[in-house]
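You will see two complexes here that share subunit A, one where it goes with subunit B and one where it goes with subunit C.
Coming up: the complex of A and B.
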């Protein structure tokens, strides 16, 4: 029995669970304190079971939807655009890195600006992109793709550059055509870097998409969030969105990790 | 008597293009010239309104550069005031968050068994969208002060702190643990106590990693400060002004604030680079 407990304690996920339990305990202590001192505790820190109850209850918060339905339906809208922008940004970022690897002039021309884009607060540009495109859906996709573009581009380029000289020499000895050098050496070498870029980009794309929602009342998670904050509907919708977006942010980087695991067989062997 | 020494070149003669390409000073020069060319082309396209026709927009939503510059000059007092507000939030959040993240990393490096799970929980914080956090802390800080400006600043700083702490914690932990195997063995041979190993080996080893973290978290702190301004109670800061001016359809003023936001980002990065070159001198 003792040994069994010890084996569980030594599992890597065990301490994660302990920490999550500690967080939950802290939250509940805070909630008890808040509910005894504040007039409207659910604005500040509701009990977790209250949030769970709101998620499961059948009461309608809008005309014909319960809280969970409302959150999920607008989440579909927001996340679809975030994903679309994310894919677009990732593909463009990858192509850019490839182009910069292919031509030294283009690399010299664009790399300083790539660093510059990183320093520009792109989310600050959200309102102006909305003004230029005029369409909230297009601007969601545009902002999400700009944000995912540069982590992917810089990381992939770093991946291309990480290839050792010996590998080039070997390819030269084989008299390999450039096409094969790219497909057999450079792109596989850059893949881990590419996925690092994706992992950085994904939560940013979600954030961007939610933020753009709040700019215009056209549905979506951000719109729902600001409505709920202004008490146009139950405040628990707000808490559901907070938990849901946190969950999405975490699960997306997990999913990318799984995809990376799937497409890089050399990782599985180790 | 003078002899002229003539060397006969072997092989094919190099073309002019190749010779230029291999010239050292041209290589150095070209790293400046090509970006400059690209920048000038973009400025030209902007000023001649070619960009406007590409994006199907007009000079009202995308004002010409000289107009933006003129407005920046006109409202420089207000610009400065809002810049100070944003920079304050980003700076204090960055400072507190990085210190916190570093302390957590040291704790985890000393007690790896307990801490490792904590680190992955903190890593999860990094992927929580800012928009979800900002309103929560707005509500939490309602009692901090009766001054709306002060309490909304506190809530913004908390958001920036969390984002920076996650980033610094993960990177500093790698710096404290990814040590050359021999140096760890050497410390063991010296029978150095854990405290000394930490002080003489782990902490110095983590310095470059700290700068890796800062390279991500300096731009991130400014971005986070700007986004949390959108949700803050008190109307101040560069990010909030961008939004307020767009709502009023004063696009040129909004662009002036956007340009300011970019400037803040660039200046902060340059400061970081200078600091890095000073601190990492002995590593090179």
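Coming up: the complex of A and C.
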């Protein structure tokens, strides 16, 4: 009996369930405390069942859509921009890492600026990007890619730098051309780091996309979110978006994890 | 061992001086004159800081000498390296985690443009030789330290190099694995007739394996003695029980300058 319990406790899903339960409990405690406080607007911490109810309710929040329909119909546009920006950022991030690895001078010149770009708040960055690109949709994609590329670039560069001196010595003994050193040693060695960068970047691209939606109103989750926050529609739409984007972030990270697993057979057997 | 054999490697007054952090010159190696014959098994033996690895790396073109020179088959180390005549085995296996054992053995051959079939056949042959045939499709992380080092040796032999340079290849292994690998290395060496330079800090290991033990002493690093090992070949582990083996070990131990080795 004891051993059976122990087996269940050691299952990976067990800890996930425990965590979800703890989170729900904490949330509900918070919601009770908040609802007992007077003069607090209803958008702060509603009960989970209220949010769930809003998600399932058939009541329309806009002219012709329920809350869930509204969220899902806006999500497409936002996620499309996020994904596009993410892919661009990943590719550029990888290329930048390669460039910085190829030349120490470039690394010294480039790296401080890359960090600087990260330090500018997205809302400050947005008007600058908009002024440069001249198109709000393009600039939304560009911002998602700017946020994605930094974790990809830094992690991939760390991957390149993780290669031990002996591996270079070995390649030297074999008089390997730089092309082979990159394709046979450095890039495969950096791959796990690259994927770590992707996993960090993906949720950032999604949240950034939602944020930059709010800059101009022409659809997208961010627009819906700000309307909800301004009480132009049910406040529960806001909460649905919060949960939806968290869910999307988790799913994307999972998918990246599966892709990594798929392209790294050596990680499956060890 | 003194018939008219070809000289494979010759160092002339070889010296390497490093600069330490304060900019002072530190002589890692001074005045090494050494002639190594083709097909000879040479042990470079000494305590840490005696320059044995520096000597090995100078021969491999991994280290530029600051004085004197090295000639290998009448060429500079660089020319020999570019002709891919070196095999190098490090203390760590230096395997590539993302490649199977067989693909690791094939890596140098990929770099040198062997055809796919040629690579595969040759790798199979090498894995058979080191006793890893059944582990060809495993990944390095699935192997024990001894097996990883076998894969490393298979890779070094894969290109059929003239000269095999080994830098304390077995020092991280347990005694049983080490002895097994000693016997296997001697068997492979006999079968392939390579010139082997084997760096070690273990006197028994150096005596058991080699034709000659080159004793290096530290401060400054220098070649202090060369001891001929006239044990019969092929050797098996039993030779370690003989009186002559122990005499040779004692002779080597006695030839260190500047204190004994632990």
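Basically, the second predicted complex is superposed on the first by the 236 of 270 C-alpha atoms of A that agree within 3 Å, B and C clash if a C-alpha of one lies under 4 Å from a C-alpha of the other, contacts with A are read in each partner's own complex, and residues count from 1 in each chain.
Basically, a residue touches a chain if its C-beta (ideal position, glycine included) is under 8 Å from a C-beta of that chain, and two chains touch if they have at least 3 such contacts.
Bear in mind that the values here come from a model prediction, so they are computed numbers and not experimental data.
Once chain A of one complex is fitted onto chain A of the other, the partner contacts of A:258 are absent, as it touches neither subunit B nor subunit C. Looking at the shared chain after the overlay, A:184 reaches subunit C, while subunit B stays out of its contact range.
Contact with subunit C, but none with subunit B, is seen for A:167 once the two complexes are overlaid on the shared chain. In the superposed model, A:23 makes contact with subunit B only, not with subunit C. By the touch criterion defined above, A:175 reaches subunit C but does not reach subunit B. Put subunit B and subunit C next to each other and count what each touches on subunit A; the higher total goes to B. The touching residues of subunit A, counted against subunit B in their complex, run 12-20, 23, 43-45, 105, 108-113, 116, 118-125, 127-128, 130-132, 202-203, 206-207, 210-211, 214-215, 222, 225, 229, 238, 241-242, 245-246, 248-250, 252-253. Residues of subunit B that touch subunit A in their complex: 30-31, 34-35, 37-39, 55, 57, 61-62, 113-118, 120-121, 124, 126-133, 135-136, 139-140, 142, 219, 222-223, 226-227, 230, 238-239, 242-243, 246, 251, 254-255, 257-258, 261-262, 265-266, 268-269.
Here subunit C touches subunit A in the complex through residues 60-62, 81-82, 84, 86-88, 90, 92, 94, 96-100, 107-108, 110-112, 138-139, 141-142, 159, going by the rule given at the top. Of all residues in subunit A, only 164, 166-167, 169-177, 180, 184-185, 188-189, 191, 264-266, 269-270 touch subunit C in the complex they form.
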